[in-house]
Amino acid sequence: MTSFPPLPWLRPPERSPVPPDPRDVRIADLLQTDPAGAHVAVIGIPFDTAVIGRRGAREAPAAIRRALYRMAAFDLESGVDLAEGLRLVDLGDVAVVHTDIHETHRRVTAVLREVTRQGLRSLVLGGDHSLSYAILRGVIEGLGKPLGVIQFDAHHDLREPLEGEITSGTPFRRLLEEGLIEGRHLVQIGLLGGRNSRAYYEVARWHGIRMIPATHVHREDPEVLTAQVLKVVTAGTLGFFISFDMDVFEAACAPGVSAPSPGGLLPASALALVRRLAAHPACWGMDLMETAPPLDPDGRTVALAAAVAWAFLIGRGMVGMK
Amino acid sequence: MTSFPPLPWLRPPERSPVPPDPRDVRIADLLQTDPAGAHVAVIGIPFDTAVIGRRGAREAPAAIRRALYRMAAFDLESGVDLAEGLRLVDLGDVAVVHTDIHETHRRVTAVLREVTRQGLRSLVLGGDHSLSYAILRGVIEGLGKPLGVIQFDAHHDLREPLEGEITSGTPFRRLLEEGLIEGRHLVQIGLLGGRNSRAYYEVARWHGIRMIPATHVHREDPEVLTAQVLKVVTAGTLGFFISFDMDVFEAACAPGVSAPSPGGLLPASALALVRRLAAHPACWGMDLMETAPPLDPDGRTVALAAAVAWAFLIGRGMVGMK
Amino acid sequence: MTSFPPLPWLRPPERSPVPPDPRDVRIADLLQTDPAGAHVAVIGIPFDTAVIGRRGAREAPAAIRRALYRMAAFDLESGVDLAEGLRLVDLGDVAVVHTDIHETHRRVTAVLREVTRQGLRSLVLGGDHSLSYAILRGVIEGLGKPLGVIQFDAHHDLREPLEGEITSGTPFRRLLEEGLIEGRHLVQIGLLGGRNSRAYYEVARWHGIRMIPATHVHREDPEVLTAQVLKVVTAGTLGFFISFDMDVFEAACAPGVSAPSPGGLLPASALALVRRLAAHPACWGMDLMETAPPLDPDGRTVALAAAVAWAFLIGRGMVGMK
Amino acid sequence: MTSFPPLPWLRPPERSPVPPDPRDVRIADLLQTDPAGAHVAVIGIPFDTAVIGRRGAREAPAAIRRALYRMAAFDLESGVDLAEGLRLVDLGDVAVVHTDIHETHRRVTAVLREVTRQGLRSLVLGGDHSLSYAILRGVIEGLGKPLGVIQFDAHHDLREPLEGEITSGTPFRRLLEEGLIEGRHLVQIGLLGGRNSRAYYEVARWHGIRMIPATHVHREDPEVLTAQVLKVVTAGTLGFFISFDMDVFEAACAPGVSAPSPGGLLPASALALVRRLAAHPACWGMDLMETAPPLDPDGRTVALAAAVAWAFLIGRGMVGMK
Amino acid sequence: MTSFPPLPWLRPPERSPVPPDPRDVRIADLLQTDPAGAHVAVIGIPFDTAVIGRRGAREAPAAIRRALYRMAAFDLESGVDLAEGLRLVDLGDVAVVHTDIHETHRRVTAVLREVTRQGLRSLVLGGDHSLSYAILRGVIEGLGKPLGVIQFDAHHDLREPLEGEITSGTPFRRLLEEGLIEGRHLVQIGLLGGRNSRAYYEVARWHGIRMIPATHVHREDPEVLTAQVLKVVTAGTLGFFISFDMDVFEAACAPGVSAPSPGGLLPASALALVRRLAAHPACWGMDLMETAPPLDPDGRTVALAAAVAWAFLIGRGMVGMK
Amino acid sequence: MTSFPPLPWLRPPERSPVPPDPRDVRIADLLQTDPAGAHVAVIGIPFDTAVIGRRGAREAPAAIRRALYRMAAFDLESGVDLAEGLRLVDLGDVAVVHTDIHETHRRVTAVLREVTRQGLRSLVLGGDHSLSYAILRGVIEGLGKPLGVIQFDAHHDLREPLEGEITSGTPFRRLLEEGLIEGRHLVQIGLLGGRNSRAYYEVARWHGIRMIPATHVHREDPEVLTAQVLKVVTAGTLGFFISFDMDVFEAACAPGVSAPSPGGLLPASALALVRRLAAHPACWGMDLMETAPPLDPDGRTVALAAAVAWAFLIGRGMVGMK
């Protein structure tokens, strides 16, 4: 059997069930292999060792990529067509050490520092929220400070490590205490009553953090809100970064997180905010944390996380591709 | 054993667990057996062969009927009591051929043409969205043209058949290209960014379709929106039809569809729009497509589809029973 | 619009998705409307007020009927074709009073007494297991005593009412203490260690009940087991009745019960036993209790309950139609 | 082995996975053991015999307690810190009789009467909505009348007992007909069209009940709405009580109820209303009914119920601790 | 930014969460790109248009590949190490036309004919069971006849097309009536009573098909059973093919099929049979049909299907690599 | 309000829905507070940092305790009544450090060493399987060696740490390489083909581990199997320990584990083995690992794990309470 004859009617496996439509330009089609000249770098961090409650976020980077790369590169509302200029590169996943938070954090910081130094904006797919300490540290080491931070979260994440354990509840406390960021450059959006202790609220107040409860987002005009937030994070800073904890959403819309939150943000509202904020020239990236696919049997939370990532990319497209 | 004695304490099987309350007038109680003189005809199309993704919509007509017929015939908000005059007939299901889309479409068109010719308004329970091509063609053959169309959908559905395959993504393209409808009489409500390619957006623009993204519905006053939509579909038309794709809803509220959409419409908002639109005298019916019971383990999507159908009937009641 | 023209291509609603095959003879086709001359009477009892734990069994009669009536009337293994002679009647549901166990039990007893007096064998679809007190009492009042009883159950159900509350854990204690049945005519099959207190085991021993743990069924030859069971329930009795609690099954196979039981019987094994036992001429019927559809999202337990009911009917067919 | 040596590294079982943070003050920390001097008494009623449809509410008190007691005692939006003064006592569960609605109601009434007489405000965790008859009767017997009532519900619950069966659809009819409350002091919020018969709407109108459909809540300013509601229930009354049926929520947010309601209230909106209403000095308590944990596999509905209870407590904190 | 510096700590995306272990040889590692010289060809058919009930099998080829290729290439029980000689090629998916069963069948037949002509054994991942008509036709056209067939199935699949519709219930009837196979060379294993009409049982008997009910598999020694089956399918044939319908499994073990079957085969038992049968030199391949990932939320059925495919490969390994 | 009057009809919260039956003796009733004189010590390890795949096992100790303590103290099959003599103490949970595997392992070893030294047999509720390294090390430090080990597992768990990461796949490799146990004293029961690489099979062979594939358990007589296993682990040892990985069960019966295994052991069979093995005087305890409650929505796996723990206790009861 030296030469095998051609076989009819076969296609590569795992294609979509209908023949792909050449007119569909998807996010996957924007990916270039060389980071040089790219505008935005996608970076995965499959790590969730620091989650206090139910874990699973280490499976998120793969899951969000699958959903995101299938989405269209076009936003019919704003008219932004990313195919007209957004250069996207996927740098892969950080090589984490599941049993060593400090080493993992060091690696994450090294990656973000280099990426930022090269002028790329980052779209980081986590991973647990403890990683935002390392992510923001890397951005600051690459860009300089002060850096503004917009944190979408039902929680302050201003806990102190207890008995030596860094958790997903501690990243912003560490950043503040180590002087990497200042409270007056930090906005926390989507905070929920009953989910945060007074002690940490007082920490936030003491540091001068701008707090915007979920209830304010529900009733506030999004343009006004955007302006308020941008003012805080751009005043006197070299740029800002968005840190997005998926538990900021209403529990029914994002059940696949460690601690779902009744009363959280509705998808349409948060998606619009992210797009507007990412459209600011000073936005240096976003991390998208705490999506837990094993806790998300029907894929709803992953699809929503992909939509948040997509809104970030559209925002970057609006700003004129950096 | 020639005569069997009467047995005590027995009721017909499958009744509700408590004795039925004679004061509950339900949609089922409006059903008359003779189509003559009816205002609205219910027609099922248990067919989903053309769905691109996850199927199941062929089980929807039976499931939606069960949920709809149990609902009250009264709307406490508007005060409309359908028992005071809406004459409803259930014509049953179209005899589909699961393995022959064209033949199925021919039969669907024949049914809608006759029903429309007899002056009945249609409430069509699909079935996949490819069927709306056949449904609208039938309405047009029965009523004449131009016909206005209000499409609730996260997607344009303006694809071309690829490799000869008609899909649930193609119905409105075919209607436009065959000259059955005109773009300027078509409104698409609930479109989502990231779910539609630029190529089809350009097709929509070229045809002059009025596009209303989901984000507009979220912030627009429903009365203003209703007026805008009605103006498009009634200007110079003989009437209009509503084509409702259940994936227009926020994914958390309608998980049982082929492709759930984070950021879609909220139930209360879409229900109010349907009621208002159906209340216009020129409304010739609605199709309700893409509910997939096998993908809806807790029945949430079916219950919501039934509420959409109910809102249509209340609208018809508001207009003075035709 | 005096006469309505015929409409093409329509069928009655809610038919199966493909045209029904006239060669399929189903259990539904055996149903006759007149109880006179019937061999087996189906009786539903949509009542679960006495369940101690998670409820839902009152929805079982409707659900089991739907699944059972769709099954084929033929058993390819034994060659029994019920269409050749089993006359089946569905007497409907007992008119229960959800808030009055005693009145409900009275009605159930009255129904079973009359049905048994007329010579019909009963297939009772419960309902909670407390009802077996009333069912067996009715059979005894209709047939006389002693009556043998085969109880499939992970539990003894020999509790005493506490603080005056009859529960699903009490039926066989009440039957024994009121002298309606005798322990030596009762077999309990499928009992599980760890799910029954010693106190009730001692009650069972004191009454001389024949106990067959689930582990014995797992390793015993089914023919030997059948012979052992039949010997107990036919020795000196006027007949026997099967009381089947669905929690006797391995939890993975019957999750939709009040208290699923790891280590319980496998479906194939229990189905074979029921068929063999029901094939005995002295079998006066079976009750099928504790299926809870709201706790059974994928319908697995309902399908299994229907298979148990079907095995009973095949058994009746084997005995020569009574 | 007379003396056992100390063992290292062990903690009491069932603690949280990370060492508890002493800075977290939770609702559990407010609980005092002595009812004397308490402001609010928590009372559970694990009873659901009167539910018409799917049951499970009798498991709610235990489940809601677990979720509520873990919530923070602080509301970052209002700045209310319950640790500064709300004295809370948990009186345990009423000793219900599952098979005797009337006896259970008598006991519930006795408990509420005494608790109210002692000046405590009640937070009642049901249980089915039939119990609100007994709860409100007890409050009235303890406080006197007239009493205002704010009912959050998708339904009127103005049915008459049929064939002698009290159900969860009857409580407010009985209260009105027995003269315990007057229609003009009753507000029903969240009513849905299609879920209520005209007959009961007419009963509501005849009694002068103030009806606020869900659609009004969706578009109304919450402050205006609060003022309107408070005016009705405080005009000429000795105080008012909130009766909260969890099926008032949008189905996606509260799937674990007997009959989920598409189009119902969104969590953020209802939580804000409850907090505002409970903050009125004349508010004598709230019952929280119809949460069914067995129908709530991911705990979403229980978490939302706990958030409603928490909003009530925060409201009580706002009023200056009674 | 002409040259981009190397980035530290990054890996390709979507790798497994721990660093891959070089000592793990997986099925994926056996795949060669050139079909020439391969022993077994994997072929996907993502098509389910002919399913009568709940669909979803067209998503199975991709899902089963993912699970299968991750499995180890070694069987510790038999000691077979596929890495020592099984040459595997994945030919991809047949280019199906979802809306044209006949054209799809033609393509499938063409693929199987060529693959068989080249001497490769096939592992076909369906797809609905109607395709087995086309698969077996292709094998026969490639190999010649008579061909033996071993059908694992709860059903006969001997229906006639009704109203011209080919369904997943018809493949073996068509093969018999067109003279492609003979009944005396066909074995049906796993048939269930109550799931098959007498009419089709009589067809099976008339054709001389060897029928082995599920109950026989439960109690028969697997070696004896294997010998009996092999005798039928090898006596006077040129070889045999296995057609495996996943609904042959006990419902609890394979819920993700169109019609789950209580009482079906247990995994361990069927896996052992497949391995033994595939180990016969005359086995020309297996199709693995009716797995429906959308109906399999926890992936249990897909994992079991992959185990069946794996058992087939091990069997091939046992036979000395063809 | 100086003295609060007694309140009627109240019970402590969170009791069972019916009044507790004083005749039910449950495992909880065996618990004594003082470890001195106890026979068996329950120890929880809420830690799952080393799991390679889906995590969740750190929630298992609390969940298994809840289910186990509710089970009856009596086994009707063997007649063993634990209330007649088994003295049980719950030592609580080991104070783990989620972010430090080595420190956690040190603490676990310290606990097990002391408990074993005091002569108590251990029932350890994990936790991930990496912990068995620490557990067995502790037992050996307390008891001396050689120690026999019976490992129920679908996998060898003989991996080497890669890139320095200890995982749940490594415990028995480390024990062997550090000379803590010898291969000839280790039995692995329930191994599955396709789930284990040849490389590790060869390691097992090289060490002389006795391997019993799942298929052998399916067909072997349990008494014979028990004898074979006991012979290996008692020959020349000071005692033996059972290490039970819940993924040894058939996937349908134990879906809530990191990697469910089609073809695994059936519950009845494994429960019988555990009871027999634990009944040997030389059995020094059992660990019960890898149950993941967040992956077990209906509690099936937790209930099965509790049944395994219960079987161990019954076994201990059979041996005459040590």
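Going in written order, the chains are labelled A, B, C, D, E and F, and every chain counts its residues from 1.
In this section, a contact is a pair of C-beta atoms (placed from the backbone, for glycine too) under 8 Å apart; a residue touches a chain by one contact, two chains touch by 3 or more.
As the structure is a computational prediction, the values presented were derived from the model and not from experiment.
Between chain B and chain C, the least number of touching-chain steps is 1. Summarising the inter-chain layout, the chain whose CA centre lies farthest from the centre of chain F is B. Greatest centre-to-centre distance from chain A is found for C, with centres as Cα means. The geometric centre of chain A is 42 Å away from that of chain E, both derived from CA atoms. Chain E has its Cα centroid 55 Å from the Cα centroid of chain D. One inter-chain figure worth recording: chain B and chain D are separated by 38 Å, centre to centre, where each centre is the mean of the chain's CA atoms.
In chain F, the residues that reach two or more other chains under the touch definition are 17-19, 59, 98, 163, 165, 167, 250, 252-253, 266, 298.
By the contact rule set out at the top, the touching chain pairs are A-B, A-D, A-E, A-F, B-C, B-D, B-E, C-D, C-E, C-F, D-F, E-F.
Residue ranges of chain C in contact with chain D, taken from their complex: 48-50, 54-56, 59, 97-101, 163-166, 294-295.
Within the complex formed with chain F, the chain C residues making contact are 52-53, 159, 162-163, 165, 167, 191-201, 211, 213-216, 218, 250-253, 255, 260, 262-264, 266. Those residues of chain F that touch chain C in the complex are listed here as 17-19, 21, 23-25, 71-78, 81, 83, 250, 252-253, 266-269, 271-272, 298, 300, 303-304, 307, 310, 314. Interface residues of chain B facing chain C in the complex, by the touch rule stated above, are 1-5, 7-15, 17-19, 34-37, 43-44, 46, 58-59, 61-62, 65, 90-95, 98, 107-108, 110-111, 114-115, 118-119, 297-298.
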